[in-house]
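Note that the chains are named A, B, C and D in the order they appear, and that numbering of residues resets to 1 at the start of each chain.
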Amino acid sequence: MKKLRCGVIGLGRVGKMHFENMRHIPEMDIVAVSDFFIDKMDDWLSKMNIHHAYQNYHDLLARKDIDAVFIFTSTDMHEEIVIAAAKAGKHIFCEKPLSMDIDEEAALNVLRAVKAQGVKLQIAFNRRFDPQFRELHNMVCQGQIGQPQMVKISSRDPDLLPHDLIKRIGGLIFDFTMHDFDMARFIMQDEITEVYVKGNTLIDPTLQEIDDVDTLAIVLSFAKGGYGLIDNSRRAVYGYDQRVEVFGSEGMACADNVSESTVRYYDKDNCHMKNPLPDFTVRYRTAYLTEVNLFIQAILHDEPVVCTGEDALLAQRVAIAAQQSLKQGKPIKVPTGTFL
Amino acid sequence: MKKLRCGVIGLGRVGKMHFENMRHIPEMDIVAVSDFFIDKMDDWLSKMNIHHAYQNYHDLLARKDIDAVFIFTSTDMHEEIVIAAAKAGKHIFCEKPLSMDIDEEAALNVLRAVKAQGVKLQIAFNRRFDPQFRELHNMVCQGQIGQPQMVKISSRDPDLLPHDLIKRIGGLIFDFTMHDFDMARFIMQDEITEVYVKGNTLIDPTLQEIDDVDTLAIVLSFAKGGYGLIDNSRRAVYGYDQRVEVFGSEGMACADNVSESTVRYYDKDNCHMKNPLPDFTVRYRTAYLTEVNLFIQAILHDEPVVCTGEDALLAQRVAIAAQQSLKQGKPIKVPTGTFL
Amino acid sequence: MKKLRCGVIGLGRVGKMHFENMRHIPEMDIVAVSDFFIDKMDDWLSKMNIHHAYQNYHDLLARKDIDAVFIFTSTDMHEEIVIAAAKAGKHIFCEKPLSMDIDEEAALNVLRAVKAQGVKLQIAFNRRFDPQFRELHNMVCQGQIGQPQMVKISSRDPDLLPHDLIKRIGGLIFDFTMHDFDMARFIMQDEITEVYVKGNTLIDPTLQEIDDVDTLAIVLSFAKGGYGLIDNSRRAVYGYDQRVEVFGSEGMACADNVSESTVRYYDKDNCHMKNPLPDFTVRYRTAYLTEVNLFIQAILHDEPVVCTGEDALLAQRVAIAAQQSLKQGKPIKVPTGTFL
Amino acid sequence: MKKLRCGVIGLGRVGKMHFENMRHIPEMDIVAVSDFFIDKMDDWLSKMNIHHAYQNYHDLLARKDIDAVFIFTSTDMHEEIVIAAAKAGKHIFCEKPLSMDIDEEAALNVLRAVKAQGVKLQIAFNRRFDPQFRELHNMVCQGQIGQPQMVKISSRDPDLLPHDLIKRIGGLIFDFTMHDFDMARFIMQDEITEVYVKGNTLIDPTLQEIDDVDTLAIVLSFAKGGYGLIDNSRRAVYGYDQRVEVFGSEGMACADNVSESTVRYYDKDNCHMKNPLPDFTVRYRTAYLTEVNLFIQAILHDEPVVCTGEDALLAQRVAIAAQQSLKQGKPIKVPTGTFL
């Protein structure tokens, strides 16, 4: 069997989760890893049977026996590492976004470097690979919904994040809502042309100190005339709330939350069921595996990747417009021109 | 508008419930009522605007301005009143069963009297008129289920009945399970040929003093080779549990319990929904109205009634066999020959 | 029993539906009716057993034996008739809105007249009386949701209306979305301070000729910091889609669509269930009865009505701001000051 | 990490499925495999990276570097191989039943051999390890259901099996219903004392040639007075139907079928959802992994296994009584005495 030889850069919570999923994929060998805090990870490295581990990601990129790298560092490192990996001739799997700059020039630099080196870049918009949301996407593509007129996304995290983490990953819109912007594009099969955002600190007022919010209500306008509604919260006490609905001229389809059990329990008071799955690691376990598997297949068979750097840039453009709308209290146009 | 002139005999809990539903039906006038305890009902009679009320039902039957009677007395009076009503030339709407005799001769006498006088007799197997169970019945009749192979009925009361009431209405099998026998016939469109019954007093052991049980598990065999499973309980703490499922060669259809609300409430512990409706008066409100309306239409347009005395007798035969099976601990054949 | 003597003005589709529901309410007598096209309604008047019917509503208002009037005319007549009824000393039950003027002065005139005459005025925001939405409202009032942070309303009609009817009842926002503005206030227990509206003609482009739209996406801002999202469509092919969800610091509750049956049918392809109820007459049948019963009780026992002229004015203010937002492409503040 | 060194005997459909699940379990090494048709499996052995493969299972048992064996052969080989494995001092994981003899002596011989050698034996009643059914079991154990009074099991296969396969694995009751007997014991936490079985060939009449049926309806009686109802079919056109419900004095809990998606699709006709998962390999994937993991843990930490040879024998006793009931048309007592 042909195998892809890989390196993993970034072994924080998300990186470790990905690693533990990925190591069972038969079509890949994980040759080496890199993390800034690698010194403190001896136990985990030993348990995972990892033989090559670097503090400096350049050492990993310098290995000739690595075909592709997975980048799971915090957002503020994406731009630098993706460019270095492209220059080292590695195929790249990277978490969104490509950069945290409000100016999209940094993201464009990344895309140009990737293009110049001819490597493949797949962006980890993991929700696209969720079987339920993919089913909605397919229904739209196959015409079962007719002309899509409205997409609705409820996306609520189970709890607040630490402020210092938020600073590194970019605030609610860049860290969280950007997934919803990508999902809206993915479901509607259309480009977002305008965004209007209202936001507030209803859960943690001290978020204002770091210029962030915990609650968002958003209207999107699409090029073909449809609309999108997004609501976000940093704290849903009942779990990780991830629902998508699409409405069109021929019907409506909605993907509800997933719970671990269909069991219903009736006592003298009520009927009780399990809450939604508690967080992204369990909710999107299948999606995380699927996105990696598809990336490997795309490289092994030299096919296009299914979620591209352009997708990242287009979602980022909406996020930048959304930030402006939130600050300025008015709808903001999203630029739609070409970029490279 | 042509109206049916009616009398109501028996104004206990069920009789009053029926009366309060029926008085809004525009195609009928309730001319008179009768109840053994009519002396104590002045307030209710006044509130319901009833002008003619008798203690002796014969006085009601003697009125020439009454076309049809509704009999809601306790079961032990059915035989006598139905025969008297038939002889008085009234059309008859009567609760099941026709008699409480373990011997079906009494029931046959009733049917013969009705036939001899040429009046119409409709039996109040109310569950047949529930929109959900009727939908299952229609699916079977239209072939959507294919050849029906299995019917499953869960039928559980919300709480125990007083022992003296049980004595008058006939024990769990005669009062309660008989509805399920009728439902099984109605759904399968087939005759029950054998019944096997296990029963116990898991809720109220003192029921043994009146030779009754509170819990039943039953297997039915049908003439065309299919089967039925029934489970009964006198006390479901979560409400009135009434579910039917039919399985066949082309598919399966199931009617779940009805609750008053679709609202789901998610808190930090669970998702909570409303329990099933609490008792038969609310669960079958629509069915009670529908059965009366169809009876009125059958008389006004001289059409066959939809639930006949023969249906009552056939369900009663199964009930009699079920009683024997429970006592004898073995399966009992149900006689299938003609009867009049 | 004390009965309320009533008159009904306006016997179009909605008026007739109300009449046929109301005539069974024991606490009211419908003394007389009025409709501009009364000449053509002989059959219906006879079937309904109505003895006093006028073309000119002033003739009805002139009757001394009428305590209260129900106004079901088209919106453009509300202002004139409510003022006349108030001056005639009748209590008033009126469909929303109080007027179609973009200027709220007309609505204020109505409220002033009602106040001056000391009569009661209840507005028929029927959805408030739906048992499911009332359950959500009660959960918020009792604190089960905690601080409400987001209300989401999906409200979609089953099909387009004729253009000439739209002209009389006021376009999508005035005819339809106004119910959602009232629902948002009712659920959040808070006032709307800003509205942002996007709208389009995705179903019927010729609506542009009468300056209307068929699709709306709306963000509401509330005084206490929460938000609302509303989506509307004139045509949901699967029925009348009416859902509300409220999210807060302690939980989330959602009211799903109501269908006529819980039956699930599984064949070789899929599991199939009934669509939502098809239109407002069946979806809100209980709500229509409840709102009338509560109005009658409020008059008979001289209690406050539960949905007031002020509620109508506040929803209308949002509707006026929404119209401006749709035209101007920007968020519009909703005036919050007192008004009488 | 301490690892268990294992061998796998039997690589038919079920054996391969287990193997492909098990090879990712980090706590085990699969040292060798054995199958009668091993000559024809070169491709699969190579793909699975298996280095030691035998046609004769005795060669596998002879290896000193194997601690435990997994037996996935057809039922008719269980008795012989389990005894040989026990004598070789291997811990044993074996599919049910222990033998196909109507006489339980053969099964007792197996249990005696296991006991004499002091090895552990776990029976693969996989459904016990399904998270949903385990949740029901836990609810009963924790008292949430109160005194359990009724268990209901619907268990329907998606399609008929070839007759020659049926001959080797033992007919509907031994191959299929035995799982339900075990589930009934597991849920009720009680012993089955009597069984009554009705069965028929409603799908494939030629099954009569091999003395088998395709449809069963069963009543179980339990020692503490509760009951069980089981219905089986060889062909549910809508998928693999696996549902369990338990009813008791304090409430009811039911585990519904699992489908791959929560997506609901509404078109002009109906609301459509996905059917249940199609077969046991996907429906019980988690259960298959869990049962193996728990077996490994029991050996590594020398703890009792969770599903024992005694459980197998007790389910088999019910199956034997069930066969007799089916033939004789009457209820049959299940022996409850001790056995070793």
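Operating definition for what follows: contacts are C-beta pairs under 8 Å (C-beta built on N, C-alpha and C of every residue); 3 or more make two chains touch, one makes a residue touch a chain.
These numbers come from a predicted model, not from an experiment.
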Open item on the list: Of the chain pairs B-C and B-D, which one is connected by the greater count of C-beta contacts?
Closed with: B-D
TODO: Would you mind checking which chain's C-alpha centre is most distant from the centre of chain C?
DONE: D
Open item on the list: Can you work out the whole-Å distance between the CA centroids of chain B and chain C?
Closed with: 41
Task: Interchain centroid distance [CA atoms averaged], chain B/chain D, Å - done: 42
Open item on the list: Residues of chain B that contact two or more other chains, please.
Closed with: 237-238, 250-252, 266-268
Task: Complex contacts: residues of chain B adjacent to chain C - done: 1, 24, 47, 131-132, 135-136, 139, 144, 250-258, 260-268
Task: chain A partner contacts - residues on chain B that touch it in the complex - done: 237-239, 259, 266-276
TODO: Would you mind writing out the residues of chain B in touch with chain D in their complex?
DONE: 147, 149-150, 152, 154, 156, 196, 198, 200, 202-203, 215, 217-219, 221, 225-229, 231, 233, 235-238, 241, 247, 249-252, 329-331
